[in-house]
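Chain naming follows the written order as A, B, C and D, and within any one chain the residues start at number 1.
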Amino acid sequence: MSALMTVEGLTKTFGGVNAISELSFEIQPGHIHSVIGPNGAGKTTLFNLVTGVYTPTEGRISFAGEDTRGMPPHALARLGMSRTFQNLQVCMNMTAPENVMVGRHLRLDRRFLPALLRLPAVTRGDRACREKAAELMRFVGLERYLDADADAMPYGALKRLEIARALAAEPRMLLLDEPAAGLNANETAEIDALIQRVAESGVTVVLVEHDMKLVMNISDHILVLNYGKKLAEGSSEEIRHNPEVISAYLGAA
Amino acid sequence: MWNRFRNPYAGLPVLAIVLAVLPLAFSNPYHYDVAIHVLINAVVAVGLNLLIGYAGQISLGHAGFFGLGAYTTGILSGVYGWPPLLSVLAALVVVGVLAFAVARPILRLSGHYLAMATLGLGILISIVISTEGWLTGGPDGMIVPTISVFGWELFGETRWYWVMAVLLLVAVWLALNLIDSPVGRALRAVHGSEVAAQVAGVNTISYKVLIFVVSAVFAALMGTASAHYSGFITPDLAGFFHSIEFVTMVVLGGMASTYGALIGAVILTTLPQLLTGFDDLEMVIFGAILMAVMIFMPRGLVPTLTARLRKGS
Amino acid sequence: MLHALLKKIGLAAAVTGVAVAGMSNASAQQDPIRVGTFLAVTGPASFLGDPELKTLQHWVEKINNQGGVDGRQIELVHYDTAGNAGKARTFAKRLITSDQVDVIVGGTTTGTTMAVIPLVQRYEIPFISLAGGVPIIDPVKKWVFKTPHTDRMAARKILKDMQARGFDKIGLISGTGGFGKSGRKQTLSVVGDYDIEIVADETYGPNDTDMTAQLTNIANTDGVDAILNFGFGQGPAIVTRNYEQLGLKLPFYQSHGVASKKFIELAGEAANGVRLPAAALLVAEKLPDDDPQKPVVTAYKKEYESTYNESVSTFGGHAYDGLMIATQAIKRAGTTDKAAVRDAIEQTSGLMGTGGEFNMGPDDHLGLDLSAFRMLEIRDGEWELAE
Amino acid sequence: MLGEFLQYLFSGLTTGATYALVGLGFAIIYNASHVINFAQGEFVMIGGMGTVMMMAAGVPMPLAVLGAVALAVIAGVALDKLAIERARDADIVPLIIITIGASLFLRGLAQYFWGKSYHSLPAFTGDEPLKVLGATLLPQSLWVLGVAAVLLVALAFFFNRTLKGKAMLAVSHNKDASRMVGINPRFILMLAFALSAALGAVAGIVSAPITLTSYDVGIMLGLKGFVAAVLGGLGSAVGAVIGGLLLGIMEAMAAGYISSDYKDAVPFVIILLVLFFLPSGLFGKRGTERV
């Protein structure tokens, strides 16, 4: 099976300091991958690099067979990449379903003049999109908020709203940046189940997460970072017993 | 109650009726004159609101486009004798092309840097208009011929009122259409979270450029209307203060509210007429009102008041 | 502050009350004559508009106290344009169609005047402008008149004086506001009539605070005999100070745009030696006793200065002239019928104003000639006749 | 040639010093609150006009100067307490409108109480120009430059050596963290307004003998100060000062060497070019957006 994403020799420097250095790994399709590591290990930086938010200083990234280094996020989205954010990036100036509909942007009629004139083709597509958004909101467990403004929703619901928005694009790969951060045990369990359901639907999931229980539970493959470098890689069983990981990370916990 | 506020199209027939009935209250051409200025400003504000209120990109230079539109049609029809309708079209093209040419580098900026760049652009346009007196008449202004369409002369306050009223209705309708479409959602997402929009596949810079050009063309169209209606234009039209007035209409009435922009235009246009009795204190009162509204209703009049009504219901 | 504001609101209410009461009274007797005005009372041209408004207000009151015009009181309706042409246009429409004035005396700047001309022509209402630009009356427009000397006349007066003193190469510096731009244009257009060449041509913005760079350029131009500055506001005062700072010894001319005591005050010592063309008003007391203008200008000066406790400027004088032309025309016409008043204004002759003797006609809606202008020189901080 | 160049340079430095002080006021307030205060120019006006008016009322010059600075500081603190503090959660655009409203309000009051005339102040030490290598310089220009330099040194001392100054810097970096270590950001914000009002007022007073003053001089200066602050990079005090000086020099050089007609356009062309190539000004922080 060929990899969905290949990263080789990835390095990112901020003001002379390497946030990520010489990192190489592969993402296999259909699996749940996790990236773990202590605070400041470079996990979010890695996400920002592979999703095009940052441009790498060195190294190669390819996704779905294309060299994506330096590609802007919207071009990567076209290739089927989608993500959520550690600190929420919900559009508070819109309603909840509209946020999800934004996620479907690439699958809609985006022509300017028909939109301006409200041609039937546009309104028809939009109505379908609205239904799809509602369906996705139910899928992530947000049926209560079908009429809500985003700024009226609690934190936990916003985290799921981001997932719904990311799914709306029907991505091949979904990157989730700490989906369980700030959630209680109950909510975490629900997120856990949700991620598995997403993976079952055939979407490759890449996860950054602090909650070890969640990570160990659901990951097929784990990448451990420390100070921007790869510390270890393998199945959850392998990671659990890796002495370096234990001393650097798990041991401390 | 709820849903009535939710469906923005419900406001269109109300607006149409108000516009149709309003002239009954007019007793002389001066009233029409003020109303026409309100309508002209309202269209500019509705367009600018797409940029500022919905896409979240500030511009302190839109009077530059307004003025450039006015002068392009003024020069082409007045100096070179083009048919006015053609010169209006040419003005839209000129402004559209200019806005498109500068939009990309300008809209890469954000916040106060964006404010500075748009301000600078507007001031540059007004300096050129004021300096190239051989073409524009300089600071003392130039005369612009009236407009006629297939022999029907657009002249006099009543005719202008009806034409502008229809234009406003169309402008509001177009704006509402755009806001509630994939394009409009992408724009609002740019405002809400630029990075989220990008990740969702929105080419944010293209959308910013698009809406910048659209709002510039709205302003230019009204610039041409203002020129042909007044019959006389001066570089003040393109000046910094005029830009600030437009922005204030949008913000005072309520950002991201098409009807808010409209209300803002009504207030900002009629208030100075109402304050003339205060003579030397006019500026003090005007400044105090601006501050008070923005301090107590930072989201603007219409969104704040509708939110209160909603809570009340 | 709040107190002052409340007082003002109270005052406004009181005025409205009086106006309403006055209206019902007046209709019982005879309608007042309604004189409309729109002036740049604030903004960059406020030092023109302010004395204009003060003059109109005082003399309207005075005329009313003396029994009005033909027994009818005058009612003054005024709006502040801040020098903005768009505002001027709206206010003019308000004066004409809402306030229904009989005649308009106003328009501080050429820009605001030009913006209003299409309106007064269309609504056919007599309009006496207080602005300087030649285009206002050239070509002649049926309903439009003006009282100040034109900038073209000023340019001619100055160039004539220069020629008499044997200068043949001059440096020109002008403001980029409407007044300076128009003055520059007129100077360039008439300079060919004199044996004078303009060898340097510089400008400065309305808000500039330092013109040494421009003056240095002029001073460094070969063969410059004299410098002329066309501008108004604080700009010319700064130019004059910079001129002094640079130690320039060339003869220095200003335009009639500086014809107020304020200029001497702001320019200080540097003003001494500056020549400018201006109305006789500035040197009222110094005129020979047989000068026919002397009684008018000394009376206006005395009354203005004692009423407002500030020095006269020629600008207020233009408003005075405008009001006199209008009221006398109404008196001669015996009616406020607009066409009759217009005709009467056009027939104005031998009217002695602060700006000179007005003799209008169908081809001349200004009615002043070059003799109305005096060449003045500032000596020891005072205006003196140079001729 | 040299004389000419020096003349332009002196002219530019004198105007530039005023721009620099106004720009610095922008930077201080921006740092403390991320507000662009369009009323900054009005402090300059209050300084100049206040001194003129108090002197006209018979107050001796030194007292009038102090009184005018105090008046500006009162206006600044009032602006902060009555407007900015109440609206601190507002977006940048409403905040811009608030400060524009404040500027109209202050200008309107000045016009109402102090009249519309231009005024001049007597030069502090005479009007006799100094000759330097073929160029001339007014003693008052030296005052402007000297006072600006003294203020800059004093400010540098304040920010780097005093507790209050360090607290202001801390607030500009991280409001929440500084609150936790016991700094009251509201007090700091008030201090920022007081400080930049005082700066503006001093600029207005020292420059009034050269530039003249009136109720509406604040409009242009407010705009130029904003340009200076952005040119230098918002939030950088050094940048604002250099930006202001550059702005003044560019204007003078443009008037001297290029065309006085387009002198006013030059700074705006430059600022657009700078922003196109250095989107955060000459000395602004270049950060990557955090997500």
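We take it that a residue touches a chain if its C-beta (ideal position, glycine included) is under 8 Å from a C-beta of that chain, and two chains touch if they have at least 3 such contacts.
Each chain and its UniProt protein: A = Lipopolysaccharide export system ATP-binding protein LptB.
Only a predicted model underlies this, so the values are computations on that prediction, with no experimental measurement involved.
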Average the CA atoms of each chain to get its centre, and name the chain whose centre is farthest from that of chain A. C
Using C-alpha atoms only, the most centrally placed chain is B
Taking the mean of the CA coordinates per chain, how far is chain B from chain C in Å? 36
How far is the middle of chain B from the middle of chain D, if each middle is the mean of its Cα atoms, in Å? 31
Separation of mean Cα positions, chain D and chain A [Å, integer]: 47
Which chain B residues sit where two or more other chains touch them? 131, 195, 280-285
Residues within chain C bordering two or more other chains: 4, 41-42, 176
For chain D, what residues touch not just one other chain but two or more? 109, 111-112, 261, 264, 289, 291
Complex contacts: residues of chain D adjacent to chain C: 4, 7-8, 10-11, 14-15, 18, 109, 111-112, 116-120, 127, 129, 131, 136, 138, 207, 210-212, 214, 216-217, 219-220, 252-253, 255-256, 260-261, 263-264
Parts of chain B lying in touch with chain C, wherever the complex brings them together: 28-31, 33-34, 37, 130-131, 133, 138-141, 143, 230-234, 236-237, 272-273, 276-285
Inside the complex, what are the residues of chain D that reach chain B? 30, 36, 83, 86-87, 89-98, 100-109, 111-112, 223, 226-227, 230, 234, 261-262, 264-265, 268-269, 271-272, 275-276, 279-281, 289, 291
Residue ranges of chain B touching chain A (in the complex, touch as defined): 56, 174, 177-178, 180-186, 188-189, 191-193, 195-204, 210, 256
For the chain A and chain B complex, residues of the former touching the latter: 51-53, 72-74, 77-78, 82-83, 85, 89-94, 98-99, 101-103, 105-106, 108-110, 112, 115-118, 122, 125-126, 129, 150, 162, 165-166, 168-169
